[in-house]
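The structure that follows is given in the form of structure tokens.
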């Protein structure tokens, strides 16, 4: 089983979620993070002084999938719908998951997804 | 060493933490996330229009354990105390950790846990 | 490719970020978490009753690096700049990443970092 | 006589002060109703409106409205001015509230000058003031409107209608035939703001009686405040029952909008009713809000704070109500004035806003709206330390 | 004479307006003290109380309390009514505050009708008003209570006691013999609310003098406001010193509750003391709050806002204090009235709440409490964009 | 005569009430301007200042200022006291605001006693009051200062200067020659607070006329309030134009500080100007704030709320302005008083704060500042459920 972690721009989350659901991905976990990268933060003004907010709000999506088929579907859905072409679109990281348990039913692995 | 990531219902966090501590797990990291899955979001009302909040608040617990003994203890503690039997109880994901460092002492791996 | 997850004290984030950037690490993702460990939470007062806030605010830094050179650089930067010597300095976890994609360009792996 | 002069001056200052509480009132109400990313700009606009509209009225508008600074002599002319000045900003507040979350600040400031210096003073001139068009076809001075159901609220409402037609809805609000719900970000502020407005209304309507220094006028003031309050109570309750009846939930934004609707509706004649009629007028006012809010949405007239429903719809209803319930007041004079104000204010506002929009672009574009007006126009978050959820 | 009529009318309207600031005052105080998940419902309840209690008093309660609308002729009857009406909601506010975070809205609304139309008017009748039971054993009109230490605050307190006994504590509040601390969610709102209440008290007590139009009454009003304020100051300071002495920390919720305790305690006789006695009365008032808050917790009487300690305990203390410090006032009449109000209000309230509870279930169940009353009853978050922490 | 006594008493109480709205005004303004981790302690300090300063003035200060309780007989002595008492806390508010986010509470409380009981009463004695040093070289009673540009605002400003010099900046504020920006945490509170202060100013300045009971005094009061308001409007607009001109953004904290600067500047003579001069005085006042805020930062005088710029700079400017614009007022008397107050208040304050600091350590250390004064001093978060962002 694989875990996909994608860091995307916050305003893309609705589109990406819809695309994932359409691709048959039924579960995901989302959290707010801040990113630091090539994209520059925006400058704010306060009492006559300007300053740069360095960490940029991003959304992180975590999806665990049971096989390569869904892996590719998910990656493609994210790539397609999170892209704006402008710097800061984010990254996708894939890693290995050894075991999955559904708490409600004690089901394990593929069945738990 | 293994990493346990558990997504649970927020109001179970106290119970689960107590159970983990009792099982001898001394450290954990917790964060708020939003989940999307089979559990349906609740509907809210605003100025005469109803709408559904799709992402449901969940809590994510991350625990790194040094061996299978603690792994099983932790999994059981979570399974037992996070279960309500109703949809949306959440999932447990297990993956591999290669190396651990305790920043304060520079200790590594088992000793760092 | 490796993923570094470091849990540190919140007021160290600026220093650590600067050190990482100096070490040539160009991207990272940061989030707020709460920690439970040996460090004791502080006590608060409310209407004549004292109580302990058990979960302590921490910051989690996630960095994916392409090779061992950067891995060591990053670990050292974190170890050095997050250390206060007092309990609760936090931990660094290292794990494996199989694949990385930059959403904007479709570049993969080393090129995507 | 001197003592009457003193008392009426004191009373005007008291009433004025209550109305000024409507400045934080509107500011908090609107800041609570919009999303956090637009809060700073909404607050900036509210402060700016008070400053610019009042100063425009001082420098230009007052003399247009009342002919001269010596318009009256029964109280201190400064107190009379202050009381009148307190009204001006409210007209623009109605407009700015209804177009919030998508409007740029500078063009709004320009429009504020025009309203404070010309549009509102013109309407006051024709109704409460110098009456320069008397005995022409535009003579609407037959209007019976104690504190401005038409003069203030409808005037603001027609201007807002023009602004909404020109600016369009917030981006993403109407998609594929569906209304996207955009919830208020801070309900305590909404409540605080609405309650401050409510209190301000005592000054608005009570002060409009114009004198407290005789037994009769003291009674009139007290009755006015009583009836004003009663209509607010009834509007809240009718808003409450109607939403509860339909949704089995309590929607405090609608309850408060209902109360405000009731308050607008009573404003034309609180000194004229017995103490029970305002229950009916206010309850209908509240019901009109509950009915109008989704209606305007159906026509894709996006109004984040419900200003059209509260001020325009109930401004009309309240003005008609005086004609309906009070024998001595002709419903035809009321209708004539309602229409008269509409045909003056709407086209002028439309023209002015259209022109301003042409040179300065009132509407923030979609990307700016996504990022929030605060970051584009103010460079300042309203709540920078509070983490914004998904 | 006419000028006195005018002045007293004006003054009553001024005092009434200050009291109405207590509506946002209570709303903000309570919204700040409860958890974010219950804020919308607390605000809804506060607005609803003002609307329903006032309208009930207008339609039914006022005539029960004062016999007829012509009760007095020294000021505009409408002003007199408005001033009296401003009190009613406060009684229910005391109750709703003390049972917040676990009560459903509809049954509270029903109880509000009963209090506004019957229970509170009955107590007023017996003390300040028509005095229908005069010369019976229930005659408590010997009570000396300027602005309601007993009539308002104890009445609300006894009702609240009944409500708490029937409803029980918030779920999870008392576990295995330990008190679970549930911190306030928004301290600025708590502070704003308490300070608005404080200002409202000037109107409450000052206005209760009933006239300002002679030299003597003007002095009495000024002394009343001075003493009211002083007791608040002293209550704050004593609350402050006592918590600091015990915990070496400054607990602003206790400081503010101390101030409110002092204000309740002075309310029975601020016109009668010299200018130093209120320091003592207020300081004891503040101390009583600090002492009573943990005490009620010991008896598992869960009161999220400290209403029992502020209003009931200090309502009793303040009423006794007049008997203690003022020669002309008999402490026995005071005691008789305290007990009289208790034996009238507590059983009636218990019966009414019990009955309402039987048909409509006042208490939200554990799951609803966990999710928050807002989502169950209002379907609306108070702060939907602010992410709630663990 | 009696009716004048009544009217002036009533008016003083009205004015006093408006000033008390400045208590929540300052509290909300400062709570909004500091970081969330210091909000509870800022609120605690604000409440404490009101309690302690007022009580110190009641017990000691008033007689120092005015010689005796029988100082005047034209209105109720209690009303006169209340009006004067309402001023005291403001002086300390200026100080506490300017040193917030780094000061401990207890030493501030001690300083509050000294200001309320001695320093401020001394200055009042020399200017508005008993004038004990008349015909000495310290006689500054030639000062023309209606409501305290010098007596209140400069006094507070000089004390604050002493405090800032002794305490130093917030830790981390000036690093390697750069100013670290520390944004306000809650802009709606800032706005609410500033607007409440604005309204309070009507009472401050209007009430300082001292009487409303004749035609002349009624005119003077109304003119005073009009001019006060106008200067605020002009200050807001000038603050707005200047920041917009430089940064192409709207900075509401500067707009509001500009308004407050204008209000401070007009305070010395609002009864003396015609209705247009305040536009100039206020606009310059606003501009001075915009210019002074970065200037004080250049000298590393860290003032989170801009109190030096608003109160000290404009206190001086406002006092001079009367000398400049009003023929009858000598600019030399004004200058003498400005300097006189400076050489009295600054050294005394410096000495007192230095001594307090020696025994009780005013400044929280770096670690405490990092954690926030709330957790160290109050043990209580202002917003415990809102998750604090990075």
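First chain written, first letter: the chains are A, B, C, D, E and F, and each begins at residue 1.
Note that in this section contacts are C-beta pairs under 8 Å (C-beta built on N, C-alpha and C of every residue); 3 or more make two chains touch, one makes a residue touch a chain.
This one's a predicted model, so the numbers in the text were calculated from it and none came from an experiment.
Shared contact partners of chain C and chain D, listed by label: A, B, E, F. Residues touching across the chain D-chain E interface largely differ between the two copies, under half of the numbers being common to both.
Between C-E and A-D, more C-beta contact pairs join the chains of C-E. Comparing C-E with the candidates C-F, A-D or B-D, the pair whose contacts agree for more than half of the residue-numbered pairs is B-D. The centroid of the Cα atoms in chain E and the matching centroid in chain F are 33 Å apart. The distance from the centre of chain A to the centre of chain F, each centre being the mean of the chain's C-alpha atoms, comes to 51 Å. Rounded to whole angstrom, the centroid-to-centroid distance between chain A and chain C, based on C-alpha atoms, equals 18 Å. Each of the following residues of chain E touches two or more other chains: 3, 7, 10, 14, 183-184, 186, 192, 247, 249, 251, 253, 378-381, 383-384, 386-390. Counting partner chains per residue, chain C shows two or more touched chains at residues 30-32, 34, 44-46, 50, 55, 95-96.
Looking at which chains touch one another, you get A-B, A-C, A-D, A-F, B-C, B-D, B-E, C-E, C-F, D-E, D-F, E-F. Residues 10-11, 13, 30, 32, 42-46, 50, 57, 59 of chain C are the ones touching chain F in the complex. Put simply, chain D touches chain F in their complex at residues 2-3, 5-7, 9-10, 12-14, 16-17, 20-21, 23-24, 27-28, 31-32, 39-41, 43-44, 46-48, 50-52, 54-55, 58, 75-79, 81-82, 105, 186, 189, 192, 377-388. For chain C in complex with chain A, the residues that touch the partner chain are 3, 17, 21, 26-31, 62, 64, 95-104, 106, 112. Taken in their complex, chain D has these residues touching chain B: 179, 181-184, 243, 246-247, 249, 251, 253-254, 257, 290, 293-294, 297, 306, 389-390.
Within the complex formed with chain A, the residues of chain D that make contact are 370, 375, 378-381, 384, 387-390.
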